[in-house]
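Chain nomenclature is as follows: A, B and C, assigned in order of appearance, with residue numbering initiated at 1 for each chain independently.
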Amino acid sequence: MKRLALALLFLATSANSQTLRIGLAEDPDILDPTMARTFVGRIVFAGLCDKLFDLDEKLNIVPQLATSYQWSGDNLSLVIKLRSGVTFHDGEKMDAAAVKYNLERHKNMKGSNRRGELAVVSSVDALDPSTVRINLATPFAPLLAVLTDRSGMMVSPKAAEAAGEKFGANPVCSGPFRFVERVAQDRMVLERFPNYWNKGQIHFERIVYQPIVDATVRLANLRSGQLDFIERVAPSDIPSLRSDGRFKVARIVEIGYQGITINVGKSDMAQKNPLGRDARVREAFELSLDRDAIVKVAMDGEAQPGNQWVAPSNQYYGKSAPLPGRNVERAKQLLREAGVPNPSFTLMTPTTSDAQRIAQVVQAMAKDAGFDIKIHSTEFATSLNLADKGQFEAYVLAWSGRADPDGNLHTMLACKGPTNYAGYCREDVESLISQSRTSLEPAQRAAAYDKIAVQVARDRPIVYLFHRHWLWAHNAKLSGLRTVPDGMVRVQGLKMN
Amino acid sequence: MGKYLLQRLASIIPTLFFVSVLIFGLQQLLPGDPAIALAGEDRDPNVVAYLRAKFHLDEPLPLRYWYWLSGVLQGDLGESVRIQKPVLELILEKLPVTIQLAAMAMLIALAIGITAGVISAVKKDTAWDYAANVFALWGLSTPNFWLGILLILLFAVQLGWLPASGYVSPFEDLKANLAAMIMPAFVLGNAIAAVLMRHTRSAMLQVLSSDYVRTARAKGLNERVVVLRHALRNALIPIITLGALEFGTLLSGAVLTEQVFSIPGFGKLIVDAVFNRDYSVVQGVVLFTASVYITLNLLADLAYFLVNPRMRG
Amino acid sequence: MAAVVSAAMELTPRRRAARRLLRRGGAMFGLAVVLFFVLVALFAPWIAPHDPLATSWNAVRQAPGAAYLFGADELGRDVLSRILWGTRASLLAGVVSVCISVAFGVPIGMLAGYLGRWVDALISRITDAMLACPFLILAIALAAFLGPSLTNAMIAIGISATPVFIRLTRAQVLSAKSEDYVEAARALGNPHLRIALRHIFPNILAPLIVQATLAIAAAVIAEASLSFLGLGQQPPAPSWGSMLNTARNYVDQAPWMAIWPGLSIFLLVLSFNLLGDGLRDALDPRHK
């Protein structure tokens, strides 16, 4: 009897240590890869849904559900070889027919958020059970990177057909863990999928994702041992965590950016304001900023200064447009030349603590050059609306980032880009962007990006400020963590020692 | 009495109607296009169009109100656009959590409030009175989110006695559930304790100067017996009926307490929904809680009516 | 003091009430603190050692010391100066909100109580509806609608608190209406407005003052709560609520950022509460 009790106790405690508890900064939205719209939802998908391809720490494309790929000679079709023996959580086979179904679902389903990314895909053919061919209307370099995100996630066609729009309530994917339950704003519970193709890499029985919005409380949970891992640690909490041996901190430079979008043509407000009207005023504004100081004060040093849509360390960073330094004298001179020695404008700032700090630091810095900035605090949802209508002069806006640089550029700076709040449209930049998307040669793409960077640096529709650090903190006993710049918590290889 | 009851019942319908108009109006008048807010950072035009159609956003406001209201009357409170779950399901999911939090908070509030109120009334105008006053008032004088954060830092991080946040179902693990709920319940109850203290003090002072108590004292009964057995018992009814009305304050306070402690109850649901422009959720939940509040109000009125002989005639 | 005592010999109801108030230590303490904060708010520009908006990159989150008596905040601004200047915002938040509630609530309540019948029914149902929605939810929705700012927060809180004053006024009017002197005035042919202002209004003054004082306390807390959600006074302008909101991210590293605004809110709200309770005791004829 005693032995039984002991065995049960052992099982109980070891079962507990087989649950990974992750603290998220927000509650994800719909758990359907086709309809999902949030960054934080992707973190849950990392445990739930495998995708055709994945990214490694250097942002290279590596196989996951697909094993290899081959572009056709004219770059208008991509042939993908699929891994064999993969099944979905409901037992259905993950084969070419399933991939075809999924890609068509991403493209055609009402309310799909993936249509933009897959716009150039004209059709999908299942050549044989383990080979898929994706046909494109024009060559599209970012396609593989797109397939490492939600567009590459494969769900069970049977379950998707049956559930239709309601699939997100009970997602059936092919990832290492399968869906157990979700209590809105409380937790999402996943349990190990025994038939996962890479099961050797999975060392947990369950994952529980808990959204805890307040960063202080999220950290308190880690400290008190209720969570094993938290994402988005506040930069000011890092020093005390690092000196605590019970925890480890991971730091990754994001693939997104934080910047200030300026209305240069979205509405007539652009012409009415010197900042939107005159490139010299924008140059003076940028010259009044000390990016290093902004990072130090507003982000506690946890960011990398940048002046383009990709970080300076990225291979597609335009070296011909390097980071400018602060030059208040030159800024004042430019303002005199422009005839507005004391320009005034409104900086629309979402009410998040990051944006508020950045806006206040920028306000103080630009004052030295003569700028009178008024901070207009706006609820985030409202700010998106105002930006969409062009009802702003400048806007503190961040972008979560995509693996391919095109994902950070096209939607903001292409003439018809959905998030082109600046209202920026130049024929030469437009054709350069097009070139950078349709050429598959990295060297050619880099050359195009270089030229775009120079022009954008001159026009300044967006004043890029820096690239934030994804800050993770976890129990020191947790090993196997991979720090990929997309900020996703990959569960393969994670182990509690 | 019957006439009064019917009158009160009849007044519920117009009240609920106004609640529905109020909350619908407030939501729909929130600035900006909800479709854009819900479409996320990608702002895919197809998604925006899809959401506009789903919300009937291109149709006139009164028509949208009618769609919503007719749905409600048939038991369909709509669906959370953000996570695609029916609002009714969300309500039922979170109802036990909120009820437990409210009940525990009320118990704590009663314990603190009645004690402080009795002391304050019995030892009127002495140092005890002021002390009891301040003790009950300090809960009302501190923002509850602030108190919550301080308690978390003390009891969860420093001492490790209680979990920092979160919720465990009592059916899963009662001990963990109570451990998680005690701090938020305390924070919430604290604020209401002051109100209950005031009611108690008021009621006790009234009862203590009544003939009934004077007789008891004249009979030579022990003062403590007089206070606790005779006075308090009579004072309890108005205290409890007035206390029931504090349900509304509880829910108000729960809004922030649940945010801080990550308790998945109504408060957190509503606040997140307002900021995410998840209309159906706000409308559905507020309508639901308003109905409960109105019902409690009615019951409290009835109880007061029944025990108060003056009103019955 | 002597003048008060000798005048008190007359023992009018007002004088008796004032005496009762003076005797309640808690209320006096509350009054003293409130007056202290009012003075601070008025003289802030002269007593604040630094410009509350002046940032200093080298003093980020500096501990309290000679340069910054209460320490510095996340942008190197002096916490003490921000507290002193922030008194204005917090007092305004409390007082203006309640003024709005009273300005709308009392007339509407009087209309309801005095006119009766369908006017009363309509107003009462709408008031019930507003009271049935959680106060903070109404305030959040209104503040979100109007946009995040101190002014909008005051409007939002003011409107959300109006139903309480409508109810209060209506109840007082109803009970006053049945008094003999009002019936006599009507019989004498006095116009409604005069009756309302001359006879009824003074009687509701006492509970109104009590409720208003307590409501100010609640409004200051409400402003802090709205700031917690990003809807109150926006940076860089100081208010205790928004200071507390920013400070909660730094409780470990810079506790002084939170202690002082938290303490200030606590003192001010406690004082208004004590004062309100004291006024209620002093003005309520039932309590002796």
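Throughout what follows, a residue touches a chain if its C-beta (ideal position, glycine included) is under 8 Å from a C-beta of that chain, and two chains touch if they have at least 3 such contacts.
What you see is a predicted model, and the numbers here were worked out from it, not measured in a lab.
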Legend entry - Chain at the geometric heart of the assembly (C-alpha centres): B
Legend entry - Chain at maximum distance from subunit C, centres defined as averaged CA atoms: A
Legend entry - Length of the line joining the C-alpha centres of subunit A and subunit C, rounded to whole Å: 45
Legend entry - Whole-Å gap between the CA centroids of subunit B and subunit C: 22
Inset, instruction - Let me have the rounded angstrom distance from the C-alpha centre of subunit A over to the C-alpha centre of subunit B, please. - result: 39
Legend entry - Per-residue overlap in subunit A, given as positions that touch at least 2 other chains: 214, 216, 379, 382
Legend entry - Residues of subunit C whose C-beta touches two or more other chains: 144, 147, 248, 251-252
Legend entry - Interface hub residues of subunit B, defined as touching at least two other chains: 31, 149, 153, 259, 275
Legend entry - Interface residues, subunit C side, partner subunit A - complex: 55, 57, 60-61, 74-76, 144, 147-149, 230-231, 234-236, 246, 248-253
Inset, instruction - Please name which positions on subunit A make contact with subunit C in the complex. - result: 214-216, 234, 236-237, 239-240, 293, 296-297, 351-353, 356-357, 359-361, 363-364, 375, 377-379, 382
Inset, instruction - Can you check the complex and tell me which residues of subunit B touch subunit A? - result: 31-34, 36-47, 50-51, 54, 80, 82-85, 90, 93-94, 149, 152-153, 156-157, 160, 163-167, 259-262, 264, 268-269, 272, 275-277
Legend entry - Residue ranges of subunit A touching subunit B (in the complex, touch as defined): 27-30, 32, 35, 37-39, 110-113, 115-116, 165-166, 168-169, 183-186, 210-214, 216-217, 220-221, 223-226, 379-382, 384-386, 388, 399-400, 411, 418-419
Legend entry - In the complex, subunit C residues that touch subunit B: 23-26, 121, 124-126, 128-138, 140-142, 144-145, 147, 217, 221, 224-225, 228-229, 241, 244, 248, 251-252, 258, 262, 265-266, 269-270, 273-274, 277, 286-287
